[in-house]
Amino acid sequence: MTTQTATAGLQEQGGTDFKKVGVWIASVGIWFLPLLWIDPTTYAVLTVAGLAMGMLIFLTASGLTLIFGLMDVLNLAHGAFFVWGAYVGFSLLNALQQVGWVEGAGAAQSIGSVLLCLLAALVVGGLMGIVLEKMLVRLTYGSHLKQILITMGASLILVEILKVVWSPNDEVVMVPAAFQGSWDIMDVIITKFRVVAIVVGLVVLGGIQLVMMRTKLGIIVRAGVENKEVVETLGYNIRRVFTGVFCAGAALAAVGGTMWSIFKEQIHPAMGEENLIFALIVVIIGGMGSVTGSFLGAIMVGLAFNYVAYTLPPLALGANIMIMAVILLIRPTGLMGKE
Amino acid sequence: MESKTMQPTPVQTERENLRRVRFTRPALWVQLVLLACLIAGPLVVPSFRAMDVMTKVMIFAVVAASYDLILGYTGILSLAHVTFFGIGAYSMALVVFHSGQAAWYHIPVAMALAVGISGILAVALAFFSLRVKAIFFTMMSLALAEFVFILGDQWHDLTMGEDGVSFSLPGIFSVNWSDGTFLGAALNGRLMTYYFILVASVLLFIGLVRFVRSPVGRVLKSVRDNEQRSTALGYKTFHYKVLSNVFGSVVASLAGVLFAMWLGYVNPTSVLGIPVMLNVLLMVIIGGMGTLYGSIMGAAFIQVAEAWLPDLQKLAMLLLPGVEMAQRLAERWILYFGILFILVVIFFPKGIVGTARDVIARRKLRLAQRDHQTGL
Amino acid sequence: MASQAPVVQTKDLTIRFGGNVAVNAVNLTVEPFTLKAIIGPNGAGKTTLFNLLSGQYKPTSGSIMFKGREIAGLDAADRTRLGVGRSFQLTNIFPSLSVLENVRLALQSKARVGMVFWRNYRSYSELEDRAYELLRQVLMDKRWAVEAKTLTHGEQRKLEIAILLALDPELLLLDEPTAGMSLEEVPAILELIQQIKAGRNRTIMLVEHKFDMIMTVSDSIAVLKEGRLICDDSPQAVACNSEVLEAYLGGGVKNG
Amino acid sequence: MAEPILSLAKVHTYIEQHHILQGVDLSFMPGRATVLLGRNGAGKSTTLRTVMGLTPASSGEITLKGRAVQAMKPYEVAKLGVGFVPEDQAVLYTLSVEENFRLAMLSESETTWARMETIFQLFPDMKKFWRSKAGVLSGGQKQMLAIARAFVNDHDLLLIDEPSKGLAPIVVDHLIESINHIKNHTTVILVEQNFYMASHIGVDYFILDDGRTVHQGLMADLVHDDGLKQKYLGIA
């Protein structure tokens, strides 16, 4: 009898898998629709831009979704980590320019300077995450309202401090020489840094998946998303895991900010808030708590934004909100969200 | 049976007592004094700045109270409340602006537009996101707020973009209209607009109070307490949440119409921006969530602070002339705002009115206990 | 005759949670103005059956007729309006509202003025008076003004029954009304149930573990085991049924 | 006489405003399986959860191997060598069986993996479904997993909450067999409504009622005491 129920369970899964394939084909197919009014060359350029943008949004969204899934915390200060990452990267690039590693630098120096920036952002973001979690977020577990208010307050403070340390105005970011310019592949212009962005996004996705699927830490985090109490009674300090995940999420957001600043070649203090909106949409689309879901969501948002922005610029964000609404109508918990 | 007709039950006694003190309870007097101050204010203190602050307090008290209905009484955290306020403000501005010449009927048309658009939008927002976890609503509302802001900022043909829209009001509300003096104060368009806003915001506020004290308000309270139980009593809790959300949003949009009338100018940052939303949120929390009257306190606190904080900044700069960092810090008043925000949430979660009510309730309890003991 | 139609009639009522069949093809009939007790070991599906009847869950298959009308597709609020009242295993009241308000809200729902938003709720004085009357019935009138969370456990259960009576349901579903009560408090609840039954205008279904209590109050007893209805008979017949005893003493009687 | 491995003295626990444990006194001897009995809502599960620190005691003392643990966090109690099997087959559905076991291992050492061999002998299904998600297991298999999981570490004390809940009789028999095997190495405290299971595992018993200890003794005596069973357990 026991084996019967088990096989029944497996069959059931097989059934949903089949349905899933159909949905997958349909949802991939939709992305070729813009070809009806956009010429193929432009479409290819927009697609690369959209993928790059999606990857960068994913950096912010992955942390947001993990923090929500594990800790049930909606962290509205996530945009602040992002913008701090951007400014740290900007300052470090300025400093590196003094030693000639940025403009007019060789390939190795260019790669080195970007890696240094990412490392600096990682450290700063991570530290900010730990401090924020230990000082403030810890007080708000269990109350969404308090979380939202406190993290929003923290976000205001962090962005204001940023304006004091740097300036409230736009700044131009220098791009390391090796990443300036673009390649021309059969009339398709591909900006070099977009490719870097895609690579970094894929590396981060791979890294997260590796840690989550292959390590003990990953098992603990996934188990914590499902049932915190069981994890605690098995002898793990879930609070420490919380701090760790919050720190990692903040670090990822800061890395995303640095990448974004080089990608856009300019920064301003409100960019964290703007990116947070994208990340929230992505997290809702993907299903709160799912890294894979937010990856898919980020790609969708990045692509849709670029296709629509090319056709009707002011409606680009609106298109993403429409996608979100449609997905919520079909699946109220998002693409990969738990029921 | 006879004893029932002879002796009123304690419930009936209490009701009778309440009815008897209807016109003598202290809260009523506080309200009347407040109203009298608002009516006499512009006549007694003929300062435009004072009148400006008073008007903004009235309007934002209504916005904050309507937000409290959603946040405090229904337990939904919306970040799009100011969006509805902005829709009202833009309705007023654009109706006049696009018709070229202001006419008296533009005001009711703008109000109808505000109610219609925000009503439909509120229903749609609630329908999409209230069915699942409440947290979805928050995120959806934030996205909506951002979207409407971008529309206001970039749909240049309709909204004039970030430059905003200036317009003049018709008839006796026009800044150019004046007709001698009244009780020593200049009788002009400003004053008439002020009184119009006074009447309208008092009516809106009374509407909110009535809503909260109606059977619907009681159901909302029960939903916050134990939603499953409300459902088992036969209440469709989803409908109640939608109703209160729509009612609150519509009131906010009407307040937006009043705000536009007062300023004669709207732009995206002043009526749609996230900082305005945070302002309103802070008003509700400082005043006390779920108290409605707290909104008046909260609105007064924030508006007064905003009006006179720049003076404080100038003072700080005078006192510390050489320190550049101090000046930069003084400029960033949102920083203090953020700190205040966190401190209030952590240390003063019940707000002014909520804390006051707690103190009064505790004192009553202590008195009752003492009576009980001495009675023995 | 229409009045003789059973109050509740389920046909092949089934609900699955994943692979687990919590209620399995249950055919149950409850006659008007009788008291039917539902017993069975833990995990037998008693509370799940109640959840199906009151609309907290939707059945996977099967039908539920209430006074000859199919209700399986209706939600909990609609069923309450039709006359299905439900008490919960864990005490389920509005903790921060007053005792009177707890009952008044139930009456307000029944009076269908819940959607009124322009009148003061206190202007419906008849609801308040009726609520007080009901509190008197369950001997709780002295406590009308306090917050419900300050009541003792037994008082909260009494309040719950007052709320249930306020809904004026034809069918009362009582899920372990004495659970977690101290032994001194049980007789009062028992008396209350007897009193409701003596009124001859309501049908009661009762989930209870206290076997002696069930034997005295019920007209018939249905026994569930692993989601199946294994017996539905008079109290005397059920008490002698060997399968029932086995179900009660646990799964292993035949092996041990 | 030996020191008790775990003892509770005048323990009170509140869940929100409900006073669940109202002065529980218990002591458990090492090496003797003990069953906590009592009707629904008597406070049995809460007793285990209070020992684990999941619903902290508001007053009273809990002593584990001579150390006061009432103020400890669940993970600290677990690290002192206490295994806990919660009710309702609390395995992690989205993790594979393998990952469920790896999660439970406090250290993934040679000896731990050696222990797995014994577990596979006791629970052959665990080997069979090693790579499957725990969510696809049947109720009985999930319960097996939850218990087997607690067996991978060298626990001194194992708290098991209603393992038989919702299981078919044949599965219950298998469970009894495997818990009796564990009993030889570890002190077991079992909360159980199923009297058949309780009587086949327990050596000592306690009866709780209304959050208080009302009776205690040897299981062998209780089996024949119909009066007591009727009074506190509602069975005869």
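As written, the chains take the letters A, B, C and D, and residue 1 is the first residue of each chain.
The working rule: a contact is a pair of C-beta atoms (placed from the backbone, for glycine too) under 8 Å apart; a residue touches a chain by one contact, two chains touch by 3 or more.
On a predicted model such as this, the values are computed, not experimentally measured, just so you know.
Note: the chain lying farthest from chain B is D, by mean C-alpha position. Compared on C-beta pairs in contact, A-D and B-C come out with B-C as the pair having more. Between chain B and chain C, the centres computed from C-alpha atoms are 44 Å apart. Spacing of chain A relative to chain B, judged by their CA centroids, is 36 angstrom.
Centre-to-centre separation of chain B and chain D, using mean CA positions: 54 Å. In chain C, the residues that touch at least two other chains are 18-19, 95.
Chain contacts: chain B has no residue touching two or more partner chains.
Shared contact sites, meaning residues of chain D that touch two or more other chains, fall at 135, 138, 168.
The touching residues of chain B, when paired with chain A in their complex, are 71, 77, 128-129, 131-132, 134-136, 138-140, 142-144, 146-147, 150-151, 154-155, 274, 278, 281, 285, 325, 328-329, 332, 334-335, 337-339, 341-342, 345-346, 349. Of all residues in chain C, only 18-20, 41-43, 95, 149, 153, 176, 179-180, 182-183, 209-211, 226, 248-256 touch chain D in the complex they form.
Interface residues of chain D, counted against chain A in their complex, comprise 52, 54, 73-75, 78-79, 84, 86, 90-95, 99, 102-104, 106, 108, 125, 129, 132, 135-138, 140-141, 149, 168, 171.
For chain B in complex with chain C, the residues that touch the partner chain are 9-12, 14-15, 18, 210-211, 213-219, 221-222, 225-226, 228-237, 239-240, 243, 247. Considering their complex, residues 54, 75-78, 80-81, 86, 88, 92-97, 100-101, 104-106, 108-110, 113-122, 124-125, 128-129, 131-132, 141, 144-145, 163, 167 of chain C touch chain B.
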